[in-house]
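Shared between the two complexes below is chain A, which pairs with chain B and chain C, respectively.
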Partner chain A sequence: MDMQDSLMVARVVGAAFAMGLGAIGPAIGIGLTGSRAVQATARQPASSGEIMKTALIGMAVAESNAIFSLFVAVVLIFVPVTNPSWLKIVALISAGLCMGLGSLGPGYGQGYSSARASEGIGACPGNIGETLKMMLIGQAVAGNPAIFALIVSMLLIFGSFPDGGGLLKGAALLGAGLSTGLGAIGPGYGQGFPAGEASWEVSRRPEQATLLTRTMLVGQAVASSTTVYALVISLLLIYFV
Partner chain B sequence: MGGSTSQKNIHGQKGFIAFILRHKVLFGVLALLIFEICIAFGVHPDMSKVAEEPEKLKHIFGFAIPLGGINTKTIIMSWIIMGILVVFSFFATRRMKKVPGKLQLIAELIVGGFDDLCNETLGDKARKFLPLVATIFLFVLLSNIIGIIPIPGIEEPTRDLNTTLGLGIMVFLVSHIAGIRYRGIKKYVAEYFEPMIEIKGVRIPNLFMFFLNFVGEIGKVVSHSFRLFGNIMGGAIIIVVVSNLVRYVLLPIGLNIFFGIFVGLVQAFVFAMLALTYISMMVTE
Partner chain C sequence: MDISGAEFIKAAALLGAGICMGLGAIGPGIGEGFAAGKACEGVAREPENAGLITRTMLVGQAVSESTGIYSLVIALLMIFVV
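Here is the complex of A and B:
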C-alpha cells in the first residue's frame, strides 16, 4: 500500500471512532433530559410548554458535542490531507479517538444539568428566566472538555508531522489524543452535577441567583482543572516529544 | 356536504380548483418539492467545498500583510452586520415616543432585557458594561443568523475562528482590566495564588496554583471562542454535506432553521452571558 491509501484507511477509521464513540454521551444525556421532562410534565401538566422549551434548549446544547464529533468525522472523511507523512496515519486515528472520547462526558453532564432544570421548571414554572440562564451558563462551562478535545483533534488533523521521530513520535501522537479524550470524560461528567443542582435550586430560590452562580462556577472550575492537565500533557506530547 | 356546496357557491369555483384552493398550503409545499427535485437532477454532489481554504488578501498597496493575509469575506460580512445594526439603531431611536412604534418596541425589549440581566449580575456597575454585553449579543446573533440567507457569498463571520477569537480576547482584556481597576492590582494578583498555603496563620503564595490558575484563564478564552466557532462551523459543514447527499431537496431548509436560528440564538446568548459572567467574576469581590 502506498501512503495515500494508508492515509485513507486512517481517515475512515478515525471518522468511525469519532462519531461512534461521540454518539454515546450526548444521546444518554439527551435521553435523561427527556425522561425528566416527561416526569415534570406528568406532575404539572399546566406548565408543559415551559418544560418543553427548557428541555429542548438543553438538549440542543448537549447535542453540540455530537455535532463536534460529526464535524471531526466529516473533515476526516472528505478533506484531503494537506501534508502527508507516515506519522500522519497515527495522528488521524488519534484525532478521531480524541474527539469521540471527548464528547462522552460533557454530553452526559450537559444532559444532566438540563434534566435538573426541566425538573425545576416543572416545580416552579414562574422562574423560567433565571433557571434557563443558570442552565445555559452551567452547560456552557461543562462543555469545555469537549472543546479542548476538538482543539486537540484539529491540531492533530491539520498539523504537519514530518517523518523522523520514529515509533516514539507516533506513540506520542496517539497518547496526545488519548490524554485529552480520556481526560475529558470525568470532568465533563462531573461538571454537570454543579450545573444541574444550581439550575434546580435557582428555580426555587431565584433571589439567590448571583451567589449560586459563583458557587457553581467555582465548583466547575475546580472539577475542570483536571481536563486542563490533560490538555497540557497533550500539547507537550504533540510539540515537545 | 352542505357546507362544501355552499362554499363552492360562494367562491363560484368547482371540483379540482376548489380542492386545490382549500388545501393551498399542502399543494404549495408539493409544488415546491417537485420544483426542487427537478432542479436537483442537474446538481451533482460536490464534497470538495466542505472545508475550503478561504480566499485571503495577501498584499495591500504593495505591502505584504503579516500572518498569512486577511480573510476579506469575513471582514466584508462583519462590516455588513455592523452596518445593519447601526441602521437599525438609528431608525429605532430616531423619533422616540412614550407609546413605542414597532422598531422602538424591539429595541426596548432587547435593551431592557439586558439591563435586567446586567443589574442582577453586576449590581451598581451594570450600566458600565451593558453596552458591551448587549452589543456582543446583537453582533454574534446577527452573524449566526445571516447564514440562512441563500445567496452565494453570504457566510457567517462567526464561521471564521479569527472573529470569535477576537471577540474572546476582547472580553478577556475587558474583564481583566476592569478587575484591576475596581479591585486594585494587589487583590487581582493575589487571586492567582489561591488557595494559599497556611502555616501558623501566615499565608504563603502557592506557586503551583499560580501556574494552574494561569492556564485556566487562558483556557477560558480558548473555550469561549472555540465554543461559538465549533458550533457554527459544525452546523455549516453538516448543512453542506447533507445538502449534497440529498441533492438540495427540502431537508436543508429544516437544517438551516435548526442551525441558523435555534443554535445561533442559543450560542449568541451563551456567548454574551459568559462574557457577563467572566466580567462579574473579576469585578465583584
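Here is the complex of A and C:
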C-alpha cells in the first residue's frame, strides 16, 4: 500500500467521523425545537403561523453545524491532498474527529434556544420581533465553538506537516483535533441555555430586551472561555511542537 | 522504526494535553451556561436587582471556571514541561 492509498483511507475515515458524529447534536437540537413547536401549536392553535416561522428559522441555524460537518466530510473525500506525508494521515483523521465532535454541543444548544423561543412565541405571538432578534443573537454566539472546530479542521486538512517530527508530531496533531473538538461540546451546549431562557423571557417582557441581551451576552462570554483555552492548546500543538 | 522511551512519554504527554483540555472544557461550559440561563430568568423577573443577579452569576461562573483553568494548566505543563 503506497502513501496515496494510505491517505485515501485516512480521508474516508476522517469523513466518516466528521459526518457521523456531526449529525448527532444538530439532529437532537432540531428535534427538540420541533417537539416544543408542536406542543406550543397544540396549546395555541391561533398562533401556529408565528410558531412555525420561529421554529423553522431556529432549526435552520441549528442545522448549520451539520452543514459544517458535511462540508468537512466532502472536502476530505474529494479535495486531493496537496502536500502528502505520513503525518498527514494522522492530521486528516484528527480533522474529521475535530469537526464531528465540535458540532455536538452547538447543535444541541442552538436547538434548545429555538425550542424555548418557539414556546415563548406560542404564548405571546405579538412579540415575535424581539424574540427572534434575541434568539438569533444568542444562537450566533452559541455557534462559535463549532466555528473554532471548523477552523482547526481546515488547518489540519490544508496544513503542511513534513515527516520530521515523527511520533511526537503525530501525537500532537491528534491531540489538537481532540482538544478543540471535545472542548466545543460543553460551551456550545451551555451557551444555548442562556440564549433559550433570554428568548423565552423577552417574549413575555419585551421591555426588558436591553437588560436581557446584556446579561445573556456576559454569561455567554464567560461560558465560552473554556473553548478558547481548547483552541489555544490546539494551536500550540499544531504550530509549536 | 525504533522509538526511545523518552520520546514515547513525550508523545503520550502531547496527546494527553489535547484530551485533557478537550474533556476539561465540557463541564465548565455546561455549568456556566446554566448559571447564565438562570440569571437571564432572574433579570427579566426582577430587573431592579439586575446588578446583584449579574454579580452572583459572575461569582458562580468564576468558581465553575476553576476546573477549566486546572485543565489548561495541566495541558500547558504536559506540552512544555514533561
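Convention: the second predicted complex is superposed on the first by the 241 of 241 C-alpha atoms of A that agree within 3 Å, B and C clash if a C-alpha of one lies under 4 Å from a C-alpha of the other, contacts with A are read in each partner's own complex, and residues count from 1 in each chain.
Keep in mind that, in the parts below, a residue touches a chain if its C-beta (ideal position, glycine included) is under 8 Å from a C-beta of that chain, and two chains touch if they have at least 3 such contacts.
Every value quoted in this text rests on a predicted model; they were computed, and no experiment measured them.
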First (chain B), second (chain C), both or neither touched by A:71: first
Partner chain in contact with A:211 - chain B first, chain C second, else both or neither: second
First, second, both or neither for A:61, with chain B first and chain C second: first
First, second, both or neither for A:225, with chain B first and chain C second: both
Chain B versus chain C as contact partner of A:90, first or second or both or neither: neither
Chain B versus chain C as contact partner of A:150, first or second or both or neither: first
Which superposed partner A:117 touches (first chain B, second chain C, both, neither): neither
More chain A residues in contact [chain B versus chain C]: C
Chain A positions touched by chain B in one structure and by chain C in the second: 224-225, 232
In the complex, chain B residues that touch chain A: 47-48, 50-51, 117, 120-121, 212, 215-216, 219, 222-223, 226-227, 230-231, 233-235, 237-238, 241, 262-263, 266, 269-270, 273-274, 277, 280-281
Chain B partner contacts - residues on chain A that touch it in the complex: 57, 60-61, 64, 67-68, 70-71, 74-75, 78-79, 133, 136-137, 139-141, 143-144, 147-148, 150-151, 209-210, 213-214, 217, 221, 224-225, 228, 231-232
Residues of chain A defined as touching chain C within the complex: 101, 105, 109, 145, 166-168, 170-172, 174-194, 196-198, 201-202, 204-205, 208, 211-212, 215-216, 218-220, 222-227, 229-230, 232-234, 236-237, 240-241
Parts of chain C lying in touch with chain A, wherever the complex brings them together: 1, 3, 7-8, 10-12, 14-19, 21-41, 43-45, 47, 50, 53-54, 57-58, 61-62, 65, 68-69, 71-72, 75-76, 79
